[in-house]
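Attaching a single structure in structure tokens format; questions to follow.
In this document, chain identifiers A, B, C and D correspond to the written order of the chains, with residue numbering beginning at 1 in each.
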Amino acid sequence: MAPHCSPRFLASDNTSGICPEALDYLLEANACDDLAYGNDSWTQRATDRFRSLFDYDCDVFFVFNGTAANSLTLAAMGQSYHSVICHELAHIETDECGGPEFFSNGAKLLTSAGRHGKLNAEGIEQLVTRRSDIHYPKPRIVSITQATEVGTVYDREELLAIRTVADKYDLRVHMDGARFANACASLEATPAELTWQVGVDALCFSGTKNGLPMGEAVVFFNRELAEDFDYRCKQAGQLASKMRFIAAPWLGLLETGAWLSNASHANAMARYLADGLRGLPGAELMFPTQANSVFVQLPPPVLAQLRERGWTFYTFIGAGGARFVCAWNTTVELLDTLLADIRQALDAS
Amino acid sequence: MAPHCSPRFLASDNTSGICPEALDYLLEANACDDLAYGNDSWTQRATDRFRSLFDYDCDVFFVFNGTAANSLTLAAMGQSYHSVICHELAHIETDECGGPEFFSNGAKLLTSAGRHGKLNAEGIEQLVTRRSDIHYPKPRIVSITQATEVGTVYDREELLAIRTVADKYDLRVHMDGARFANACASLEATPAELTWQVGVDALCFSGTKNGLPMGEAVVFFNRELAEDFDYRCKQAGQLASKMRFIAAPWLGLLETGAWLSNASHANAMARYLADGLRGLPGAELMFPTQANSVFVQLPPPVLAQLRERGWTFYTFIGAGGARFVCAWNTTVELLDTLLADIRQALDAS
Amino acid sequence: MAPHCSPRFLASDNTSGICPEALDYLLEANACDDLAYGNDSWTQRATDRFRSLFDYDCDVFFVFNGTAANSLTLAAMGQSYHSVICHELAHIETDECGGPEFFSNGAKLLTSAGRHGKLNAEGIEQLVTRRSDIHYPKPRIVSITQATEVGTVYDREELLAIRTVADKYDLRVHMDGARFANACASLEATPAELTWQVGVDALCFSGTKNGLPMGEAVVFFNRELAEDFDYRCKQAGQLASKMRFIAAPWLGLLETGAWLSNASHANAMARYLADGLRGLPGAELMFPTQANSVFVQLPPPVLAQLRERGWTFYTFIGAGGARFVCAWNTTVELLDTLLADIRQALDAS
Amino acid sequence: MAPHCSPRFLASDNTSGICPEALDYLLEANACDDLAYGNDSWTQRATDRFRSLFDYDCDVFFVFNGTAANSLTLAAMGQSYHSVICHELAHIETDECGGPEFFSNGAKLLTSAGRHGKLNAEGIEQLVTRRSDIHYPKPRIVSITQATEVGTVYDREELLAIRTVADKYDLRVHMDGARFANACASLEATPAELTWQVGVDALCFSGTKNGLPMGEAVVFFNRELAEDFDYRCKQAGQLASKMRFIAAPWLGLLETGAWLSNASHANAMARYLADGLRGLPGAELMFPTQANSVFVQLPPPVLAQLRERGWTFYTFIGAGGARFVCAWNTTVELLDTLLADIRQALDAS
């Protein structure tokens, strides 16, 4: 992008635009009229491509955004009087404005702490066994975020341990894959190895954070849970009439491999930033940098000065903790500028 | 479009793609990163442009599709125990898979017949006064579709008559503007003349059917009803993180005037088709052609033959009635081919 | 009841009080503290008694009223994007203020006409086959009211015909038994013969209209549908903490046989009234009197005069049609007075 | 009650039956038929009596149980995208199986700790100011439980402090009065002094725990919030057709003063038990005994032995903590037996 066009946006990976591969396919899909509501050839090709990517005969649906993907999927996995076990920092708990409760018509989220933003078997078991009376919503789903909200990842052993406790208590496993591609890249694992092979029932796979204009894929490995899911999407305002404009860009990501290369680049940029911060006295990394987010403790005056210089970032999590998120188009130059500004601000403080 | 690329799609105006004006703005919006969740400059410019288009200080929100636009707006206009009065052919009654009931958590639709697919004051009054007991959901909203599902339009007198009965019974007026632009073009009326000037409280203005890839605008003239509507959209999975990719194409439609010229063209094509059909013995037009849809009675064998030749169209409404919908990119050539095929099929039958 | 205490209430069978058999058990249940939330002995005995009454190992739950019984049961039989087929006069359609839509979070009711207030196979098939696209809520349940809203009953052949079409289209059968006891009495059939033996999946059996202060029983013959129904009731505010005060009166009805004798008496009173009306020129019975309701066409001035004399009755259904409902405690004396007043008013008009 | 009938039930005040005053009125209401759905004279008299009790022209509604009372009232006080601030031990958070989320269609509860089970201004302010973005449900309601879940009460100063912070942030104040009568008795305050005079917008006043078979009163002091609440109750399955059987017992409690004397007796019994426990080495009271509940720390073997001897009590709250609840009919004899058993068990351990 032109230099005048490198805004200091590191608040989220959704400030980036459409990656070239996705755009090419979108434009191609616009060359011709096509059938509506997913009856077009692009949607067919894209869903088939997901099946080959996962090496599994899964059911695939496209929705507009992550709130809907997670909320509708959770609604399909339980009933209103069931509860969903998730980490206290999970997006569905902290940042969906009650979306899961709305779509499920009242399902309650039960939260657990856990090191590095990750649920673990003990925490899950504790919530499931806390009570067994009818006044407490019946635990039915475990929701894990891969990569997590704090930029860490669950490895296969951790995922298998969660599946084991889920089986013990008849729980279904939902994966919020807002940054699933980043996890695959980080763990050098295939999509299959991180989902159905470790007992994930349903995955919400984000395209928006990975270079699409909008659009997420809901992938059901437990196909019973997908029964009539198309009706659920339609009723809930998530059936795109011109669906090819979601499906074609997805196909672009998948056919070109950009889904993974975009994520690898974003992860590499985050590691670069973390390495740079590691050398700065006064800057303290909060979590291992395993995906595309970096969390760092900086003195409040430093944060203030960065904001003055036009840097955007969130400080929701942890007092004084700043989150910087890298994306498919983040550049070394931008990070060097950031690191220089941080160094300067630290020296001044 | 290239000749090889003129599919015989006349089933709906959502088989067409993105019009050039919308695409130009979308690409421009992609030149640079920008803030998420509507905090970008494109969203600001687009909403301001709506205010000038309507010559009114209205509240404007963008959502992904029409199901959500209508359902969320109705939910904001009433409570779960209220009822919505609409025509028996209204899209919210016949084609949303219970969307309005879902988003409102149970509001009931009360339907009325009415000539040419239009509600009228008598029909509304009959439903409101039928009962007044607590076992019958309290009427609170009148929903009118402009242009209607059968390709007709409400003129200003008809709209004012509805507003009068609405005032009499403390009802709010919702307008489903899936084809609002076509109505403006047909009536040669300004957006203001067909909305707040005739007492419309909220309008769902469709962009998708008018040349966008996706995205609708919800316009509140009664701003009290818009209170916290942004939270409602977020919770319901209708807040786009990269909102500029909905807002920028909208701005393209508005700044270039394509919103109206696209509609005018579609209307003209529908009239052209209707004129052609009028000359065919055995073909009987079902409704006045006032917007971009043509409904015609044709013998079943004729319909069958058209389908064999690859024409797509719906026959939901009226036995044997076929609906042909024209769009911003429908060509005279395509319609001539259709007319020739119909003539031939009629002769053969 | 004392003469001063024979109000001219024939508007509904819910103006009557608690029958002696129910009251005796209620008082006995009050002699001693007992466990809450249905863990008491009365609830156990009552549910066992239902199982013997139906000669079936069914699941039984108690809720407070009919709106909740029907709505929660329908919610358990389908999902929000499903539709419920019922008669256009069904209580769930006309008198629940959107209750079924609320509890199911949006399920749509599809209505059919039908002679004598009864659904039939043709009407059901017509609704199921009308459309098969995703924009139309998927039919999943058939709801039949036994006895119907107009005082008629479905015989076993009619019920079997409905089950046959239900099987053909994978529909579940719900029975609104607001006056189920009256149907059993009318048809001289056992509860088993009118439910699971003819393929009813779930029955809402009313106690309130049959002599209880309040309380309905939900009986699942298709036990899969009852999974976690206790949680559903709790969440929806239908779990009575002192449940024995619903269960004990129910046990009183069942152990003493009052459930049937109350209904038989009410039916007999309705027949007595109908016979009396049959002899009156100017009074025209609207439906066969097969349960405890009588619908009669009377001139408006006659209706006005009856109201002046303190008679309460509804005229919702059919222009000029008056509904008189008899209950467990309706007396011949009261009906003779009514008949005399009607005769007098007719002569005067 | 007869000796054979003194079960060792101290788990809750809902194991007790109907108090004599309530029963007398119930029986009187059964002497005669009456109009349904609250159009009877008993309902009118009872609601008027509430207005005089509160010395305020409030709106009063009757519902079946506490889950519904609290959930429907919260639903009327906010929208689905709003949040409710309550104590982490509040019944609506811990024991309603997601009822508030269900009735509100998704409102999220935000919990705060607080000494003695009580919310305080600081805790409320912390939750309100934590975030102000659209991804976090907008705080709209503060819900306080009076008396609290741990048997303490809010005095007028504490209530006024909460009202002050509520005004600062435009929050509405809901009071869960499951044990409101016990709070009035404990504080020797009038109902007015503990509700509208300290800014409570709506109160859910429990009758069930106070000697009724079932039935709660919802009292709106902020009458705007009561708009169409009757429709809300009807749709949600909370309109009793024979409402006089809820209203008349309530009238009995109010006219005889039993509502207060029952509560005073229960409180006195709790104090008697607490005094007895205070003298026992090994037994440690957990909270001040200000209402009708006693929470005591006892060694697990002691708890086990008490259960063996047939005592029922809950140990949800606090490891090893046992809750004993006294009711209108709890006797000194029963408590002496309990104390003796505890002493014996302590000595043995």
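The rule is simple: a residue touches a chain if its C-beta (ideal position, glycine included) is under 8 Å from a C-beta of that chain, and two chains touch if they have at least 3 such contacts.
Everything quoted here is computed from the prediction, not taken from an experiment.
Engineer: State which chains count as neighbours of chain B and simultaneously of chain C.
Structural biologist: A, D
Engineer: Have a look at A-D versus C-D and report the one with more C-beta pairs in contact.
Structural biologist: By number of C-beta pairs in contact, C-D is the larger.
Engineer: Of the pairs given as B-D, A-D or A-B, which one copies B-C, with over half of its contacts the same by residue number?
Structural biologist: Interface equivalent to B-C, from the options B-D, A-D or A-B: A-D.
Engineer: Taking each chain's centre as its mean C-alpha position, how far apart are chain C and chain D in Å?
Structural biologist: 34
Engineer: With chain centres defined as C-alpha means, what is the inter-centre distance between chain A and chain C in Å?
Structural biologist: 50
Engineer: Rounded to a whole Å, what is the gap between the Cα centroids of chain A and chain D?
Structural biologist: 42
Engineer: Could you check chain A for residues that touch two or more other chains and list them?
Structural biologist: Each of 80-81, 96-99, 102-103, 105-106, 134-135, 137, 231, 234-235, 239 in chain A touches at least two other chains.
Engineer: Which residues of chain A touch chain B in the complex?
Structural biologist: 1-2, 5-7, 9, 11-12, 14-18, 23, 26, 29-36, 63-68, 71-72, 96-99, 102-103, 105, 208, 213-214, 231, 234-242, 245-246, 312, 329
Engineer: Spell out the part of chain C that touches chain A in their complex, as residue ranges.
Structural biologist: So the residues of chain C touching chain A come out as 37, 79-82, 105-106, 134-135, 137-138, 228, 230-232, 234-235, 239.
Engineer: Give the list of chain C residues in touch with chain B in this complex.
Structural biologist: So the residues of chain C touching chain B come out as 80-81, 83, 94-99, 101-103, 105-108, 131, 134-137, 316.
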